[in-house]
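Working notes, structure below.
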Amino acid sequence: MSLLELAGVGKQFRGLRALSDVDMSVSEGEIVGVIGPNGAGKTTLFNVICGALKPDSGRVRFAGDDVTGRRPEVLARAGMVRTFQLMRPFASMSVAENVSLAAQHHTRGAARLRGHAMDVVDRVGLAEWAHRPATELPTAGLKRLELARALAAGPRVLLLDEVLAGLLPAEREPVLDLLAELRERDGTTLVFIEHIMAAVMRLSDRVVVLDQGAVLATGTPDEVTADPRVIDAYLGEEPTTHADA
Amino acid sequence: MIVRKLIAAASTGLLLVTAGCGGSAPSGAAGDAAGSGSGPVRIGALHPVSGSMAVDGLQMRRGAQLAVEKINEAGGIASLGGRDVQLTTADTQGKPEIGQSEAQRLISGGAVGLVGTYQSSVSSNVSVVAERNEVPFVMDVTAADEIFQHGYRYSFRVQPGNGAIATSAAEFLTKVSEQAGKPVRKVAIMHEQTDFGTGAADAFTEAATDLGLEVAPRISYDATTASDFTSQITQVKASGADVLAVSGYYSDSLLIAQAINAVKPDLDAVWGVSNGAYDQPKFVSDAGPIGENYFSTNYHFDAQNPETRQLREEYQRRYGAPMRTGAVLAYDAVQTIAAGVEHAGSTDPVAVRNAIAKVKVDPLTVGDGPVRFGRDGENVNSAAVLMQIQNGRVKQVYPPRKAESDPDYSVAW
Amino acid sequence: MTATIDSEPRASVNLAVLKRAGMVGVLVAAAVVFALLKSGSGIVVWQSVVTGLLTGGLYGLIAMGLTLIFGVLDIVNFAHGAMLAVAMFISFGVVQATGLHPYLTMLVTVPALFLVGAAVHRGLLSGSGGATLENQLLITLGLSLLLENGLLMFFGAEPKNVTLPGETQFGVFGAVVSGSRLYAFLGAIALGLLLYWMLQHTRLGTAVRAVASNGPGAELVGINVRRIHTLTFAIGAACAGAAAALAVPLLSVTPTLGEQFNITAFVVVVLGGMGNVVGALVGGLLIGLVEQLTTIYLDGQSSLLGVFVVFVLVLFLRPQGLFGRRT
Amino acid sequence: MTDTATTGAAGATRATAAQAGTAPPLRPQNRQLLILAVLVLLAIPLPLILPPAQGAVAVRILIFLIMAVGWNIMSGFGGLFSFGHAAYFGLGAYTSAYLLVEHGVSPWVGMAAGMAVAAAVAMVIGYFSFRYNLKGAYFALATFAFAEMLRLVTTSTDAVNGAVGYQVPLIQGSSVWQLQFPAGSPAYFWIALVLAGLAVAVSILFRHSHAGRYVVAIRDDELAAASVGAPVMRHKLLTVALSAAITAIAGAFYTQYYLFIDPQLAFGSSVSIEAIVTAVIGGIGTIWGPVVGAVIVGSLSDVTATLLATPPEFLGFLQGRSGLDVILYAVMLILIVRLMPKGIFGTLAGKISERRRR
């Protein structure tokens, strides 16, 4: 049974059709990559799934419930957690506070909460920064903080919006390992938007290609990269397979 | 470590409190001689000498000061072996809470009685302080009548209250209009909507109705925001009223005069009731010819009394401005307290209060006799007088024994 | 399948505005009819409408400078009323000292307020300290307290009055209009048109509009944004200067007179759509009417109450103003 | 607008402690509560030391303090900039005065009722403002409009005595239940001190509670907070309700202390401005900012009044002038916003923590 299911989802902004008739299905424990050229509607898709935007048409189902138009916090508490492409830390808080905030809806007791937050901080490799103001983090650190905060929220499905962008190649490896481990150890379902094709190829069970707000192709990584429509959509430019695209 | 730092910061804060408070120590330091057998007898004067009422407040403070000087020139308090009287002053800033704390300060400084405060809301607060400290409080200017409904024993008032003035205004209106052969039948009234204007309008309406007049329309307005009264005056014109009564503050009353001049309603007279403008020399100069023949019923300095004239000349000479009625009332209020001390032969505030309740003092403001207080603390002989602007001067015109000239029951347009 | 941008043609925008203007017109007409039923006197209602429109012109006049500042700089200038009061004191002082015709004091108040505005912007509001909206609000609030109490300290609170030489009355189908109010009204319209023309047809105006719609973009095409901001703030303040000279014969000049106009001006700005000069004028007229009709509808209530009710409704339902577009 | 500084300091302390392997230091809320307790204890003897007129100033400071703490919860922690806190102050004042004068209800009950009424009204205003997504200046103007509407309506409503307002009836002797004591009694100060202490304690506990952290997170980034499960609407409403209830305490106590209230005193815009200025001068969004601000603003008018009554020679021209206190605090407000946007306390705390880290 699919954990997350979109049927006929559409969204317009002042005449700009950002999403049209998107169907998509993600099974429990699956890792799905979402790719597409800039402006294809990937982030809008996430916003609609997570409740930040209401779709104009279509339904979103999560764990069997119709959750279309539910508020983001309700979905987050149900286990649908996302990260932001442009990092949005809570500027007045330290790294650890950012993380523990995300965990506080499912963890009781100050000591346990702090322990849990420190574990997550440690897991993403930010232990040294734990008590520094989040705004002092460099870009790579902020990316990890996004991830840490999402992890702390207790995700069933994790929607990751370009978690690798802005990271040096050497910094990407541990993140990719962590994501793989998430599924292995915690059984978390992952949906991730990514431009770096090597990562998509390596992690994804399945890839969804968006173009101009619509699903262009779905399939295994190898299938979609071979699909001529996908190649066309990237303006004939073959999606890079090099890690440093 | 950080705890210690913060505690240090906190104690600095406390020091600041003490320093801040210490700042005003000189004003409270005079309290030692409170009520004792030597030194001058202190009378506290509370007026708004800063803020939007500062001009009147300063006038009143000076009026009180002139009274004190007069008493001392005449040899001080005879029953206390000629002890001098001293005025201790305080600025209410026109704010009730400041008035309250300043009243407290004057009392702890040894004041045997208080005068003030020009504004009803401040007087309300000060009357409470006076009651709780058992120190007499003689109000010079305070319009609101509510203060005298609490049964306070230590509150007195020299001026006629809002209701009393409005009642007189209705009486004068019927008499003057009958004399002129144009008996009034229907009066329109405009009033500002706070307690001052509403109270006056209520009392006026009641008295006029009792005298058989029809009061309509009755129009209230917000004096702080109104900037044009043309529609209201048009409404008055359309109603066919003979007379327009106006109970307002200065600026709004001036705007009403301008609107009357524009609309030119078919009236026999414009009738100020406790009006803040129509008996003021400033109105005469601001409004010019359009204010001519306006009537106003209000408390007023007694223009017929030679002593009052002398006092006002003295004021004019010293301060270069005409003395307003409020200042003359402050003068009367100080005289009243001084008479109380004289009568009591003591500076014990309670004794002074009991003496004040019995004294008779000839006022320099218009009254039906000496200042004498009833059980409720109101001056039983307080009286309002009708004034009219005639040839660019404010003149007393009614009742006849106080009249400087005859009323001219007409309008100038 | 393809994503498209509806390039809303100009005509349809104008049509929408016309439609909305029509709706407002119907609402106003209905309100007037109800007032007529309530008061029962045609002449009273007619006078109320005339007075409302004239007073409304004054509100629009004061709000124009505010809306310009609000629209271009995104600053809620709480000191606008206080600056108006400063200008009125200047006007009063000049009339007292030189006996100049009150309207001619504009020659002094406009440049004076222009300089005050420029100085306030350069000194207090530009740069990082004046960056956030809250900070700007607090700074202009502080400034208004400073100006008002400065006036109070040096000139006292006694109301001061200026009379217009040769004041006359006009009859308008039975309603009465005093000359000074009519001139102020006409002055408001003239000033509105002047500002509109300046914004639409001068290089400065074009730059101001560019900065208003896209600051960083304007910077890229070589516009000195900070300079435009200062100029706009100064022009906005100068509008208060012009308004003061036109209004000085109508009002008693006191240090706190700005307060009563400040809040009304904000209502007008929000109603007309921020940054919309013509909207401010129309909004002013509407608020003038609302005030007058409130006194007919709600006997014994302050006319300001109706203004606030309209304000809250507009804030909730059309925060972009009657003639603005939701962004 | 942030309190990075304080949390930064806390973090630094924790880190050093962890490195040194010593016992964990106090949690921030316990440390702050401890400081509060010390401050309250230090303040207890004040009314016995100060001359009576200054005792009145001290009570005024405490009233300012409660107001500013209330405002700070909504506008500092919550980032919802209120320009109309007079509404809640006034509702507290009027509810308690109405119940006392018309129905003889104890001011304590009146205070509780006032808190409830203020909280309810705040939630209604808040609900509509959030529902219609009013932000920044628009939100500020809306709160202002509601406070002004309350002032206008009370002014013309006879059921609450219109413009006359209420005078609290005097009783013989003193009574804690009636919250009335002889003039100048230190009991007023002590009761205000307890109320102010409670208000600060609530603000400390709230700031460090789950709800309080959500509120701060929502202020920092509403969508990000929602995305990790922070219930946005509920917490915004909670914040405005708590803020209004605390402000209402100040209003109810004001009525009992000054024994008089009218629409202008209760709902006038100067009340809102006093709440804002106090918190901003001290340090917006910090626990101690309102405390520092209240001490400064509260004593300022007394100092300037003295200065104006008996000015030193070089200030002789100031005699009898008014408005100096407001001018001073307006200048202070502008300078602080320009130069130390975290307020006096926030900036000092930031400096200290910076030095510690180095």
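A, B, C and D label the chains in the order they appear, each numbered from 1.
The working rule: a contact is a pair of C-beta atoms (placed from the backbone, for glycine too) under 8 Å apart; a residue touches a chain by one contact, two chains touch by 3 or more.
None of the values given here were measured: they were computed from a predicted structure.
Novice: Minimal path length between subunit A and subunit B through chains that touch?
Specialist: Steps on the shortest route: 2.
Novice: So which chain ends up in the middle if you average the CA atoms?
Specialist: D
Novice: Once you find the CA centre of subunit A and the CA centre of subunit D, what distance in Å lies between them?
Specialist: Distance between chain centres: 42 Å.
Novice: How many angstrom lie between the CA centroids of subunit C and subunit D, rounded to a whole number?
Specialist: Each chain's C-alpha centroid was found; their separation is 33 Å.
Novice: Could you put a whole-Å number on the gap between the CA centroids of subunit A and subunit C?
Specialist: The answer is 48 Å.
Novice: What is the distance in Å between the mean C-alpha positions of subunit B and subunit D?
Specialist: Taking the average C-alpha coordinate of subunit B and of subunit D, the gap between them is 36 Å.
Novice: Among all residues of subunit C, which ones touch two or more of the remaining chains?
Specialist: Touching at least two other chains: 152, 300, 302, 304.
Novice: Counting only residues that touch at least 2 other chains, which ones in subunit D make the list?
Specialist: In subunit D, the residues touching two or more other chains are 1, 152, 155-156, 321-323.
Novice: Among the residues of subunit B, pick out those that touch two or more other chains and give their numbers.
Specialist: In subunit B, residues 51, 54, 193, 220, 222 touch at least two other chains, as defined above.
Novice: So in the complex, which bits of subunit D are touching subunit A?
Specialist: So the residues of subunit D in touch with subunit A come to 1-4, 7-8, 10-12, 14-15, 27, 210, 213-214, 216-217, 219-221, 223-233, 285.
Novice: Once bound in the complex, which stretches of subunit C touch subunit D?
Specialist: 76, 124, 129-130, 132-135, 137-139, 141-143, 145-146, 148-150, 152-154, 259, 263, 266, 270, 300-302, 304-305, 308-309, 311-312, 315-317, 319
Novice: Show which residues of subunit A lie in contact with subunit D when the two form their complex.
Specialist: Answer in residue numbers: 50-52, 71-74, 76-77, 81-82, 84, 88-94, 96-97, 101-102, 104-105, 110, 130-133, 135, 149-150, 152-153.
Novice: Using the touch definition up top, name the residues of subunit B that touch subunit D in the complex.
Specialist: My answer: residues 1-3, 5-7, 9-11, 13-14, 16-18, 20-28, 49-51, 54, 58, 91, 93, 96-98, 100-101, 104-105, 108, 121, 124-125, 128-129, 131-133, 144, 146-147, 150, 193-196, 198, 220, 222.
Novice: Which residues of subunit D touch subunit C once you look at their complex with the stated criterion?
Specialist: 1, 81, 83, 128-129, 132, 134, 136-138, 140-142, 144-146, 148-149, 152-153, 155-156, 269, 273, 276, 280, 321-324, 326-327, 329-331, 333-334, 337-339, 341
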